[in-house]
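In this document, chain identifiers A, B and C correspond to the written order of the chains, with residue numbering beginning at 1 in each.
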Amino acid sequence: MTDAVRTHAKVVAASGSVLGITGAFVAHGLIFRPNRIVNADPVSLWSALGTWGWVLVALWVAAGMLALSPLSERTRGVLVTILGGAAPALIIWRCGAEAAAYAARAGDVARTSLGATVWVSLFAGYMVIFAATAWLSPGPLRAGLTYAPVLAIAALIASGSLGELAIAREYANNADSFAREFRLHLTYVAASVGIGLVAGLLLGLLAARGRSLEAGVFGVLNVLQVLPTLAFIGLMSPVLASLSDHIALFARWGVRGVGWAPVIIVLSAYAVYPIARNTHAAIVSLDPGVLDAAQGIGMGKLRRLAEIELPLAMPVIIAGLRIALVQTTAGAIVAGLVGGGGLGTFVFLGAGETATDLILLGVLPIVALALMFDRGVLALQRALGDRKAHA
Amino acid sequence: MPTESARGVGAMPSASRRTVRHWVTVAPLLAATLWMTFDVTGFSALLRTLVPDTPTVLYETRSLPRLMGDQLLLVATASALALVIGGALGGFALTRTGRPFRDIIVNVGNLAQTVPSVAVMALAIPLTGYGAEPVIVALVLYGVLPIILNVIAGIEGVPASAFDAATGVGMSPLQRLISVELPLAWPVILGGIKNMLVINVSAATLGAVVAAGGLGMPILAGFHRYNNAFILEGALPAIALALLIDRLLTPAAGRTRAA
Amino acid sequence: MIETRELTKRYDGFTAVDRVSLSVAEGQFAVLLGPSGSGKTTLLRMLNRMVEPTSGTVLVNGQDTAGMQAEALRRSMGYVIQSTGLFPNMTIRRNVATVPRLLGWDRRRTDKRVDEMLELVGLDAKTYGPKRPDELSGGEAQRVGVARALAADPPVLLMDEPFGAVDPITREHLQIEMKRIQRDLRKTVVFVTHDIDEAVLLADSIALLRNGQVQQSGTPEDLWRRPANDFVRDFFGENLGLRIMARHCLSDVELDALPPDDSWHTLPAIVHGATLKEALAELVGTGAERLVVTVDGTPKGTADFASLMRALSAGVQCADGVRTGRGRDA
């Protein structure tokens, strides 16, 4: 790491803590409403959290000051990372507690929603941690400190101490359907990425066989990639409807113009592209000497593919898989719009009722899943020794 | 003479041959988009052929020129804003003051892909109300990312030798930016603009969910009322528009590269 | 062992290899030499059917290779190329074990063989076995390439400019070791190069190519004494004689007996493993008429210019294998 990067980190960490302090005072921290429908004015975290507001501000100030301090790099990295994670965790914890207190005062129908500055504070924490980890060398310590706040918040959720927040109430009201839609969402992702992976590998390998095949394959894939999601589903819908009208098997499988069939077709079509493109790029950039030697030594085509070409192309193919996974996880939200269910259901339901917490009930798991896939595949890439893989 | 003309074509500079090939794909898409939008009789005849047993083939609430108008207005407004904001942020990340933020900007730019654009529209409703505004908020946020990432990638991709040569002949930083760095970075930045427009056309179609109008409107109505003609009425022009923009901004003979 | 008949390769009307008829005897070190683009690689790759001939035949042990299964043919010939072509995703052990694995050898036999092969090319199996190709120097990687080619004990080795990308000193080491290995294991080698020194040093026979056609083939001495045309003469240039002298050692020279008096004590001494070129340089450098040749420090006889020349025409080269030493005796 260069000196410049290390000094840059000071600026970013300090900016993050300034953002955090500002966030604490802007009047959009918590929204207390007597019931689910009524609107109410949000209050700032500072005034909502009482004494804990002081602690919060103190944490941010300490993070900023330590970031700029002349402490040794390692100490600074450890302390600032801890503080950068502690502040958001504190906010979530205290918001949960305030929500419980408000529910005790105002009764069961009362709702406490998280306001925009809570999310801004989470982002501020992300900035501080992102910057401060630049002072730490990779390893278990750094990973532990980075993910500690995530685990802390997860523990808060699991302990039920956030149960009176409006989003948790929405979850409680929808627990059954949530489990179902969550599984359905994952099924869409798994099926589409699975299909995309197989098709993408085959098409990428096909395209690597010659210029005109390349032009053909990517000519088609480029067009698919550009189609607007809703229009693409719309285009498939009449086609699938008439297929199931005419072919009994399709009808038996439950293929219809709406529902899972058009969703999986469209998501798979999008997922093919990054995988095919990366497969192709990786294969054509393999060292020709290696392939020549493999052939010259008497390896057959399939063996060359399985033992040399695919293993060597794997890091780049996995990078494509990572893009496809993230993109599909987010993209599967549209299923909720065309009768396919999934987590999008809550988003579109919430959009209709202006119920932000219901929307979040759909969005937050999607984002969490996508981030998990992203980090998970990145870890896989690194484990496979791809030092070039970047966050 | 046939030989003469044959040689004439062969000797034609490849740049202009590419221009010809470019317009050969763009012109039909443009014609198709315009035709679907404005030729009510012709397009409804097509829809009737595609979906024979439907009483109404055209969505009654809003006419196609208006829907297309909504769509273009959403995309154009948001894209213009995103271009300005994204260009400024990308540029900022490359200045001395902005330098420290470069990594985190790129990182956030990549992580933001995990949030579906239609979710941003939905979440913006409490702040903006229903209509065009939440869509524009979402499209700007989404459009900004490819612009920032490509401005950074483009400028950083300028070969050090070109940069040094420009400095060496005594250009000021501004002159260098305008006459060397931007022209060399342009193809990459153009790629970002194309990406943004394509994403925005797609996302704007979803704007119908928050009552912003646009070509998604008949599609959603079609899904609710089981009317495939409505669906196609919105889907076909939206697809033509997306392809038109993509082809218009794709330099002919582009090669694919790994992400 | 290997014979080509009227072997031809055309690419869209361009003839890369033109009616080449050559034969390489068993245990022979044959070099394909020629300027860039003369068709050496194409010719070599037709031998293991990496390139399919347009016309003509390749016979291995009298059998037409066109009828054989290409992969099986290739497994019976080692193949070494300039860029080494080591598989970056496999360890050195696994690279060397490739062909034995393809041939279905069992674990124990393969492991043993890999150890032997690494030993043979001068690499310690313990140290180098677990490494990856990108952890090796160019010379080490090239050794592994040779070990891999030899692993299944193929009777034939095809080599395409194997030492083209290593530094001159390493290259010379590799050349000398290659020659030793080839002699010890009695391999038939077809070796492509455009480096004249390398060709003259290694070859039992050279085929000189130009525009896909063989200009002349024979021993280096043949090509030197009786060049078939001006191209051959010009290609080798005026230093060929000296290069040829570097092929021969004093051990091939019929020595004159030491004179009974002590007069030879004043003559410069040289080890019998030195090349004739080194001996000549010694004669010219010291201005002496004769050299005393020593074996293990004991004077065995003397040699003058005429006896050196006689050894050249006898055509034997370094009978005891390797050039054992160079330069002046200590």
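The rule is simple: a contact is a pair of C-beta atoms (placed from the backbone, for glycine too) under 8 Å apart; a residue touches a chain by one contact, two chains touch by 3 or more.
Source: prediction; values computed, not measured.
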{"item": "Chain located farthest away, centre of subunit A as origin (C-alpha)", "value": "C"}
{"item": "Contact-richer chain pair [A-C vs A-B]", "value": "A-B"}
{"item": "Subunit A-subunit C separation of Cα centroids, rounded to whole Å", "value": "60"}
{"item": "Centroid distance [mean C-alpha coordinates] between subunit B and subunit A, Å", "value": "24"}
{"item": "Subunit A: positions in contact with at least two other chains", "value": "none"}
{"item": "Touching residues on subunit B, where the partner in the complex is subunit A", "value": "50-51, 99-104, 107, 110-111, 113-116, 118-119, 121-123, 125-126, 198, 201-202, 205-206, 208-210, 215-216, 219-220, 222-223, 226, 228, 231-232, 234-236, 238-239, 242-243, 246, 256-259"}
{"item": "Residue numbers on subunit A that touch subunit C, as the complex places them", "value": "287, 289-300, 303, 307-308, 311-312"}
{"item": "Touching residues on subunit A, where the partner in the complex is subunit B", "value": "4-5, 7-12, 15, 127, 130-131, 214, 218, 222-223, 226-232, 234-235, 237-238, 241, 257-258, 274, 277-278, 280-282, 316, 319-320, 323, 326-327, 329-331, 333-334, 337-339, 344, 347-348, 350-351, 354, 356, 359-360, 362-363, 366-367, 370-371, 374, 391"}
{"item": "Subunit C residues touching subunit A - in the complex, by the definition given at the top", "value": "45, 48, 50, 71-76, 79, 81-89, 98-99, 102, 145, 148-149, 158"}
